[in-house]
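Naming follows writing order (A, B, C, D, E, F, G, H, I and J), and every chain is counted from residue 1.
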Amino acid sequence: MAQQTGTSSGHPIAVLNVRTLPLPILPTPPNNPPKQQDIVPRLPSQSPLLFAAKKEKNISFETLAQALGREEVAVAAIFYGQAQASPEDVTNLARVLGLSEEVLLATELTHFPDRGRQMEMPPKEPLVYRLFEIVQNYGYAYKAVMNEKFGDGIMSAISFSTKVEREEDEKGVWCKITLRGKW
Amino acid sequence: MAQQTGTSSGHPIAVLNVRTLPLPILPTPPNNPPKQQDIVPRLPSQSPLLFAAKKEKNISFETLAQALGREEVAVAAIFYGQAQASPEDVTNLARVLGLSEEVLLATELTHFPDRGRQMEMPPKEPLVYRLFEIVQNYGYAYKAVMNEKFGDGIMSAISFSTKVEREEDEKGVWCKITLRGKW
Amino acid sequence: MAQQTGTSSGHPIAVLNVRTLPLPILPTPPNNPPKQQDIVPRLPSQSPLLFAAKKEKNISFETLAQALGREEVAVAAIFYGQAQASPEDVTNLARVLGLSEEVLLATELTHFPDRGRQMEMPPKEPLVYRLFEIVQNYGYAYKAVMNEKFGDGIMSAISFSTKVEREEDEKGVWCKITLRGKW
Amino acid sequence: MAQQTGTSSGHPIAVLNVRTLPLPILPTPPNNPPKQQDIVPRLPSQSPLLFAAKKEKNISFETLAQALGREEVAVAAIFYGQAQASPEDVTNLARVLGLSEEVLLATELTHFPDRGRQMEMPPKEPLVYRLFEIVQNYGYAYKAVMNEKFGDGIMSAISFSTKVEREEDEKGVWCKITLRGKW
Amino acid sequence: MAQQTGTSSGHPIAVLNVRTLPLPILPTPPNNPPKQQDIVPRLPSQSPLLFAAKKEKNISFETLAQALGREEVAVAAIFYGQAQASPEDVTNLARVLGLSEEVLLATELTHFPDRGRQMEMPPKEPLVYRLFEIVQNYGYAYKAVMNEKFGDGIMSAISFSTKVEREEDEKGVWCKITLRGKW
Amino acid sequence: MAQQTGTSSGHPIAVLNVRTLPLPILPTPPNNPPKQQDIVPRLPSQSPLLFAAKKEKNISFETLAQALGREEVAVAAIFYGQAQASPEDVTNLARVLGLSEEVLLATELTHFPDRGRQMEMPPKEPLVYRLFEIVQNYGYAYKAVMNEKFGDGIMSAISFSTKVEREEDEKGVWCKITLRGKW
Amino acid sequence: MAQQTGTSSGHPIAVLNVRTLPLPILPTPPNNPPKQQDIVPRLPSQSPLLFAAKKEKNISFETLAQALGREEVAVAAIFYGQAQASPEDVTNLARVLGLSEEVLLATELTHFPDRGRQMEMPPKEPLVYRLFEIVQNYGYAYKAVMNEKFGDGIMSAISFSTKVEREEDEKGVWCKITLRGKW
Amino acid sequence: MAQQTGTSSGHPIAVLNVRTLPLPILPTPPNNPPKQQDIVPRLPSQSPLLFAAKKEKNISFETLAQALGREEVAVAAIFYGQAQASPEDVTNLARVLGLSEEVLLATELTHFPDRGRQMEMPPKEPLVYRLFEIVQNYGYAYKAVMNEKFGDGIMSAISFSTKVEREEDEKGVWCKITLRGKW
Amino acid sequence: MAQQTGTSSGHPIAVLNVRTLPLPILPTPPNNPPKQQDIVPRLPSQSPLLFAAKKEKNISFETLAQALGREEVAVAAIFYGQAQASPEDVTNLARVLGLSEEVLLATELTHFPDRGRQMEMPPKEPLVYRLFEIVQNYGYAYKAVMNEKFGDGIMSAISFSTKVEREEDEKGVWCKITLRGKW
Amino acid sequence: MAQQTGTSSGHPIAVLNVRTLPLPILPTPPNNPPKQQDIVPRLPSQSPLLFAAKKEKNISFETLAQALGREEVAVAAIFYGQAQASPEDVTNLARVLGLSEEVLLATELTHFPDRGRQMEMPPKEPLVYRLFEIVQNYGYAYKAVMNEKFGDGIMSAISFSTKVEREEDEKGVWCKITLRGKW
């Protein structure tokens, strides 16, 4: 069956930006080495592979999430090496992305993730900074409300699920993030 | 009508921990000045006042949220000086907390908030650190999914609303946070 | 002639938030010392004085700027101790704010400013952070365009003027900042 | 039609400084690898390509801005990977710079920008530091004036436009920067 | 029954070092204000009270641990405001330390702890630095061994218990720390 | 005798994640250099060798610990270059991992370890952060209890042993870490 | 003989800005404590005393330098606690500033200076930042030239002298700083 | 005419230390890649070229300064990429160093310098640290004296000149640095 | 017997610089609070007391070291709260300094020292910075030599002794520091 | 005459750990590039060369020190690029290490050292951290004692000598470091 390509929103899909310029294209600066944004060295070996296939096939995280039966953010986290893929995830990823399972198993996809290397804090990326700013400004408000609801303790940031939804009303477009963690 | 006291969860209410020991109680160390946790100097003048009255009346943020018609986290953010109170909020706070409106208007409650002073980043408080860790680990996953859903842009961290809910299933107690921001 | 009070926009005026609660108002926590937001210790001695009179008289920076014949941001910078007031500024400030010139001259208002203490960088205040983000994201773009227009050199950040204007069109309200510095 | 080369100011155009020395030129240190200023690894793959063509053709941002129908700073931001190019921008860039559209589309030029990686803060570059210093010294003055004009809120640093202009009067040459952001 | 005083090891008990010099003792430097080590402002209001009584009564954490039926480190954590005391803990502390329960309940002893403020990291105190160094040097070794034993996940640092024991053999005296956390 | 493979817990073994993608697998991005997680450049030359053989043979640290007669964490520390291997350790490692002793002696395995390079502090890896958090929150509690038990001094972080054990009770699975250091 | 007052340049003298507002002047905010710029806590006890007398007498560093027979910067360094005063300096300072020698000797004026506490680095004060920027940009150029002139070694920053001079030519006013240190 | 070689002081000339070992010399460690001190990646492409020729010809900055008609420190700053070379500088450098002008113009020698990347602050190099220490200890003393001589303002660190001189008296050898900047 | 006063070198003794100006001396700035160098809040309560008596009696560390039978640096460390005083030390200090033992025992003199709070690192004090620089520059040289002499391990920085000696030869005056620590 | 090999203590010699694995040994991970501990890029070009020969010949710093007539630490500092080698040192090093003088002169061995790049501060290496800790804890004690012995001034960290000695008594093995610097 034909794979759904592109996003349902009409926006382009997210890619990793790792493809470097083939040298023959621009003959003049001969010593010009391939350039990469510096997120790449912070990612495990499967990330460029998965993103390259995602770009090749023009598949969104929405489509991948349906194929894997997981939330979109969780699938994106697998792409960035922040979550461990199960054997079923590997089978599904191989099928949807047109990669061999053997190749995927040779990467760190099923290893214990070495989390937290992806990003410098405070984040410089404006979109991610806004999430950081929420923690900075509302951190104690969350704590106070949580303590009243749950007593002393913490919400797990490891065994938790999260999703992003799009809502639209007369005031415009809204982005809704839901976090759900074990207390 | 009698005010609802305590929390519906049975846990104690959240307070600011600013009350210092009356000196007569402990005569021995005479030069022992009042101690305060160092969040207090980072808060505006209404915070100790509001929290003292909240403690005195034993009122939860849940009860306050109902009285003000706002989300609990928004009310807690007003208490911590991270959100601006409207005239109606002042009237309601004065009524519920048994404070005079004049006193409240003399504080910075209705001023333009000087946000962001409340917390050092990275947060040392374990509960708040978990929220920080979510941004650190999932920041790019959120960005990728949001870009696919909304295109280039950001979710506002200023005009946004948020709430905390308690869910319970056979696996235990879950804390659910919802963030909803203008794109 | 009666002084114009409030802002022309209808928003409240900006104040310093230094007024602490008179102790008699809240008798219960007797050792509760006056609270202050931590910008105050970073400001020179005239700042609380000027802001207190500004609040007392309910005068906007717009009105003050007209009275002093200077840009609004420059007047605000005088209030925050980032610019030196001339003798004429002192006379005008004293008249408009109802303060004695002698008192103003006893402050650091006419001293050489000890600039740069006002703010921690990166700024945590969201509005100021947006300005910081502009420098972070567009810094080299500005440099490239300036170098092409002016050659090697710098735009002075000391002898420069700046203003803020409000514009409105069908897309909404726009904030326009102009910076003009000696090359 | 012949392309306008050089700048209208007579200053040289801004380039990226990525061209490394062809090894044959200096035979003595044989192991001398190509050198690069450390801004390059912080830039996406299109930056060296665009700047190399800009240098080759000796085209200023002023000329490019006219060809693309955008502000100069916005065009420079595209070159530094801080802004997303539209399909029309790609067509125009390809035409003016003599590059194939296919090559440009193979870069990250039309991807979602990963903003904020370009620069360490505080900036060490003196010209950019001056802009940083303006935020440091006038941050709260801007906030106070903006709050009086617009109420509580922020000026967007994402959907905003900016330009640099040259003014000359009897006191010398002035650099004028205008920032205009959605409130 | 007479309270056991001192430690079983013969070493002096640990105190908080907050007692300041009574001014009459040293008349010469009249403006000499009370000095305090800077851990005190990082602690909640019960800490000086509890440590003062502990010193007054010369009671070790070992004795307190027996009286409260908790581990010594947990009791010390209560003294430093890193753990929440239960009502039974308050009753026991009041009895053993000769304090009124009412006074203890007026402190933050039973509040939700605002953890993490006690210490700057990296720690400068040599003994605590050694623990930090263990995490620095063996962090990945622990992770590897734990992942092999427990799979992906984390050991909770919140719901966990810990104790310190003294062991002696022919090679000398050994300090044994046990950490036990929920996986 | 056949070597025990895998872990006794059934979880996969811990590996270093250094294997990069063989280029022929994904022909499209030809300039795509091998990716590595950034822990690798922080490790000595034996680490990739040992981990590669460990992966090849599918041997757990538990099995290695038995073969070397050392604690699991100590063996993992040898793999990460945080501990010096004795000649016997080299012989045993060579035998169990199927490597030649000569190769192992050519690495830094028996050199004086250059400790402390393995990890940035504060750790970003969530599991290791929890250990860091224990030191942050309980540091002074440990110091107070240790001082009472041992007097002034420190617990050595160099000549010390440590182990990780798995315990299970009705409340779930517990991870128990024991540290034992010379006083 | 009448003391020379003011500066020869006509600019006001430099003062420390420590004088706080006498409370009676502004009755309204009664809890308004004296404000100080935060350089004061970084200075030794003689600094406010010396600067207060300097302000009272309206004496410039130029005049003081003549009276003490030392360079202006050295005298200013004594005022800021960065240089040790000799007994002759004390006698001269007492005479010129109208202070008793006994009072001056009771300060830290003749103690061993605890240097380096005066300023956070990088400096935020724009004028001082410019000096910092010179070191940042020309540091290696100085080292290269010095090494060629003096061989390996360093210029002492402790036993060195320095002065500031004013020069004027057709291009404007120039500030000339001379540093002279033992090699 | 024969070029003056070496320094007039008899000390060796300053070089960049970029020459790496020719691999044939030391056959044993075959994978031993060329080493470089980490200042090199912070420098523009002309720096290794200029320094290599300077070393080849054994020419001091003193000789270069005479050939270019500029101060030694300015010439060294050109070598380190902190100053822009004029066309005349290029001609002179090519002649003295025996390089082709075409090669020099292919470098960034005449580009707008990207200043400030050369050095981490605080500097670790002892000689440069001493200059940093002067700013740290005497910063406010300079500001006070400059304000008295020039009023409010700053000394430019961009359009300024500087030189290093050697002086000798009975107390030994002195290094004299002169800075002269536009006010 | 008369106590030896002053130092044998003829230099003044080292004092703590905590004595603040008696207010009556300088009537003009009435709100001028006592000033202190910021080392004082980092020291325990006995430090000002001991240094005040040392100043009063004009006693050097050399004399104190003889009276206590300890090294000078160890005595100075006791004064700065970095070492624990034994009961004999207390008796000797009381006798030599003319203080009552009871007063000394009421301080933290015999408590477990909370080490490491005395100084920010890197040190800004030039003399202490030089010691820091030795560690920075020679750290690995020490490690290499120590490893060759002692094998793997560390030199204790806790149970170690140290002294400072003065040597003079034809090249001038030399300061000799000896560190001796348990391996 | 046969060169003395190994150390007199029987411990292995210190080496640089730069030798990477010859690729043929481990055929499986073909893209596995040579690994290096990250001290190497911080060292000048002679360091790997000198250490490789030292390892090849199995020569200790003790033996080298005798051959060069210098202290062991000074020789180690030459190996780490922290000290400048004289022509005699080069001759001696070439002879003892079996290297050609020409090769050694082609390195930076006789250049002006670019000191301070070798180590991040605070040091993470436990042995070096202990030296750092001594400065942190005893810094002011050293300053006080030195000021009493030498007056105001500093001990040079540049023209100074240092040595490490081994002492043994009934309490065990002691490491003795002597620092001797010009005052």
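In the analysis below, contacts are C-beta pairs under 8 Å (C-beta built on N, C-alpha and C of every residue); 3 or more make two chains touch, one makes a residue touch a chain.
In this text, all values refer to a predicted model and were calculated from it rather than measured experimentally.
The interface holding more C-beta pairs in contact, when A-E is weighed against G-I, is G-I. Centres computed as Cα averages put chain B at a distance of 46 Å from chain G. A straight line joining the Cα centres of chain A and chain B is 30 Å long. Among all residues of chain G, those that touch two or more other chains are 12, 14, 19-22, 34, 39, 112, 115-116, 122-126, 129, 133, 136-137, 143, 147, 151, 153-154, 157-158.
All chain pairs that touch, listed by label, are A-B, A-C, A-D, A-E, A-F, B-C, B-D, B-E, B-F, C-D, C-G, C-H, D-G, D-H, E-F, E-I, E-J, F-I, F-J, G-H, G-I, G-J, H-I, H-J, I-J.
Put simply, chain H touches chain D in their complex at residues 18-23, 34, 40-45, 47-49, 52, 56, 81, 100, 103, 106-108, 110-112, 114-117, 157-158. Of all residues in chain C, those touching chain B in their complex are 12, 14-15, 17, 19-21, 25-26, 28-39, 123-126, 129. Only residues 7, 9, 11-14, 39, 60-62, 72-74, 76-77, 79-80, 82, 115-116, 118-119, 121-123, 125-128, 130-151, 153-157, 160, 162, 164, 166-167, 171-183 of chain G touch chain H when the two sit together in their complex. Within the complex formed with chain G, the chain J residues making contact are 84, 112-113, 143, 147, 151-154, 158-159. Those residues of chain C whose C-beta lies close enough to touch chain A in the complex are 122, 124, 126, 129, 133, 136-137.
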